[in-house]
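One chain, chain A, appears in both complexes that follow, with chain B as partner in the first and chain C in the second.
And now, the complex of A and B:
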């Protein structure tokens, strides 16, 4: 039996509202299936299951807001070996001499105790579309929320938030960003490096690549940035991972979180899995898909939980350089400024060249500027050989 | 205990007298009916239920037996097979253990194993329960054990009306029936309508309607539950009291309907809590009325110990109205 739990879709998430079940008891599921939709500060997220089996029990009804870690449903493996959640982050193997010490504890969301709500109260709340979170204190046995509490709360006629809305609440997202960025600046000792890179070869190559392709298949310069940033991580793996509980956990794969600005404000950085292994064409498609779904508020849980680093590219209308704030528990963020044509010294002559400022903000608890410098140099080098990207 | 219909003349008598009148009616109306048991004839029965019946009906029909529960219950099984309508009295449920083999392996099983060729229309009466300061070997409530057995009907008359009329229904049943008479009820007086001729033995009854909590009980705990309901009403808590009446087969519908109205439930059972009839009732509620519940299920049962002899210890051991009140109060107005 596997517990399907409310996932932590970001460092700042404490609770989520279940807005839709896409399965019912008895349905067979396999790893990767989207089985529920959860409303978070980042919009409605499609949550995948990482077990295989039959849904035996749905424990949390639609409309209920529960803390991260709450069991939402149970999946009966029925002889099927449970597939572990593929960890984006791999714990380091303890060195032999360190055996006496306790191994670093895996980071798990703290188990929050369930609120006690009587079955009758729960059912009535659903019927009244009442958000049980609005009831601060139950008056029943052991402080349980009972019918009288639900009815009292409903009679206050506080309009309950629509329960099946799928989309984004930008003010909520603002709060989420505030929480994550405050934590980042509070906890992470950032160091910052920047490198100006000549894009003459890259853009010339890209122009030729795009020339005989219809617009829909053309590749944006940002895709080159993304791929170069990902490939450079193969050389500097200490920038790719998470820092939690005093330990750096290197990531097994390179899953770049691609920062997407949302219309009306707000920002989200869902992962493109195995960024370094995808072709440019695949990356372009993945990026389009992500942007579209992010703006609809329609991302998947794994896309929010799996980024191992963030890359932001400000595009044509952005500033010339960007110095990022790390999204915890990641340990680095790479920024690409606006591509600008500037004078550039080439073999003793000054030429007009398209330049981009690539920046790195990294966690000083994990790496030093030397590593960061090597990383930026690798990005710059890779962008000189676009055909190999 | 029940308010009579206002247009009828009430009949008022003790539970003991009602039980005796039920036996008399059976003896008078069916020549196949006879009584067997220890000290039921000359002595008049250990709780005086059969007093005077020997004189009225003679030794053929009111038969004193040797001190051997297995033998005379076995004789009851045999005579029932042969077409008689025996009513066997076992002094108390405590001694019925000696007859358990006859009851379980013969009375209940022969109709099944004979493929229906033999019916066993046997009625066994026995006293049950504590409260009379007669110590551990005479004070148990084992009716829940009997309610475990398929093929048996288990009746627990708790009112004068049921003491008077349940026997008739028991005799009409072609299968073995056990009637449990709680020892603390014999002296209680009650009314029933004078034109009443029978009661059904299939359904539980709402003895007191209420909105806030269902007190589900049977037998000797019924009057304690009714006392508790009265006390609770002075506190503004409106308790419903359900008398199960028949422990097997259980009338689940009446239980569920009540709990669906009140959404809270306390089961009062003089049996020991573990594996008791209260456990069965609670589980049925959990199975069939879970979503109606607005509070955890609660039970008031006997303490899990041999019933003590000393009065204050025995009182502390058995369910009491004050305990029921306290548990109900905590369910409805948690401190």
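And now, the complex of A and C:
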């Protein structure tokens, strides 16, 4: 028998509201399946199960708010693997209760397919107390339900019982960010470094790479940043992991939390698993998928619990540099500013070059500026050999 | 496609990316990225969507021609006209 519990999906999450069950007693589940949707301060999150077996009992009904760790359901099954507590972090040897590199496979598509609903449609449905199940067919991409579908359904449907709010509540999101960042600034002695990197070679290479590809296969410069930031962690592993209860726990894998700005406000940084091992094309697809799901409210629990470091890139309309605040219990955050064309000295001459400011904020309880400097130097070096990324 | 149809299509595709905003607020010379708060990924997705719906080639070097509604409409119109001329 395995207990399926309310997970902790962020640094300061204390409780969550069960908003949807995707299984019922008697259903068979396997590790990685999404079986419930939980509403947190950061919006609705799909929660995966990390056990195999049959759902024997559902203990918490939809609509109930319960503390982190509360048993939500019981999974009955033979040969059930022990439930991993936190997949990404490995305790330092010789700790006897070292956590195993755990088995979740977030890349495996969940068995349960859910209807796509645009955030605006979801908000409107809530405002109208409209049951989304009454909408038979969405007219959006892949049958997703759009605002117009909700309006159309509302004009014919009778008012349904009020729905539990599933969309993102921005004031709640703000509170979650405030709590995590306050804790970070209170507890983590940050140090800050920055390096200006010439992107001439990277962008020239990228231009050629994208030139003969259709739009869907083209790669954004941010993908090069992400890959370089991940590969450089192989050289400086003390920036990759968690600081908990007075010790640094190095992470077994490099799972970069990619900071995504949500439309209308708010921020979330779900993990791209094994960032360093993915190709640029895979990373672009992963990034596109995460942005879409973050905005729709379809992120999975493992994506929120597994980041081992955060990378933020402000894009082409952002500021020239960004210095991040570490997301606890992580120990570093890497920031890429806007790419700006500026004068740059090349072999004694001044040339016009695309430049980016790369910053590092890191935890002084774990590393010093020396390590941080080596890390930024590695990122800069990797961006001079884009074909190897 | 007429200019009005192209303009409507572009606004529809933006609406899929930024569903909370009112497309009617867009004026021809506005920078779409600013008024619809499109980041690099959003804009890349808009290009993908325009390509999927019209089948026109949009080289990366031309992206800046599509920053405004007027520019994007003209770009799509000309690309459609030149691809029609080639197949004729």
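Keep this in mind: the second predicted complex is superposed on the first by the 310 of 389 C-alpha atoms of A that agree within 3 Å, B and C clash if a C-alpha of one lies under 4 Å from a C-alpha of the other, contacts with A are read in each partner's own complex, and residues count from 1 in each chain.
Keep in mind that, in the parts below, a residue touches a chain if its C-beta (ideal position, glycine included) is under 8 Å from a C-beta of that chain, and two chains touch if they have at least 3 such contacts.
Just so it is clear, the structure is predicted and the values come from calculations on it, not from any experiment.
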Partner touching more residues of chain A, whether chain B or chain C: C
Contacts of A:214 with chain B and chain C, given as first, second, both or neither: second
Contacts of A:146 with chain B and chain C, given as first, second, both or neither: both
Partner chain(s) touched by A:348 [first = chain B, second = chain C, both, neither]: neither
Which of chain B and chain C A:287 touches, first, second, both or neither: second
Partner chain(s) touched by A:261 [first = chain B, second = chain C, both, neither]: second
Contacts of A:26 with chain B and chain C, given as first, second, both or neither: neither
Residues of chain A at both interfaces, chain B in one complex, chain C in the other: 118-121, 140-141, 146-147
Of chain A, residues touching chain B in the complex: 118-121, 123, 139-144, 146-148
Of chain B, residues touching chain A in the complex: 263, 290-296, 330-331, 334
Residue ranges of chain A in contact with chain C within the complex: 118-121, 140-141, 146-147, 207, 210-211, 214-216, 218, 220-222, 261, 263-264, 287-288, 291, 315-317
Chain C residues within the chain A interface of the complex: 16, 18-20, 33-34, 37, 39-41, 44-45, 47-48, 51-52, 58-61
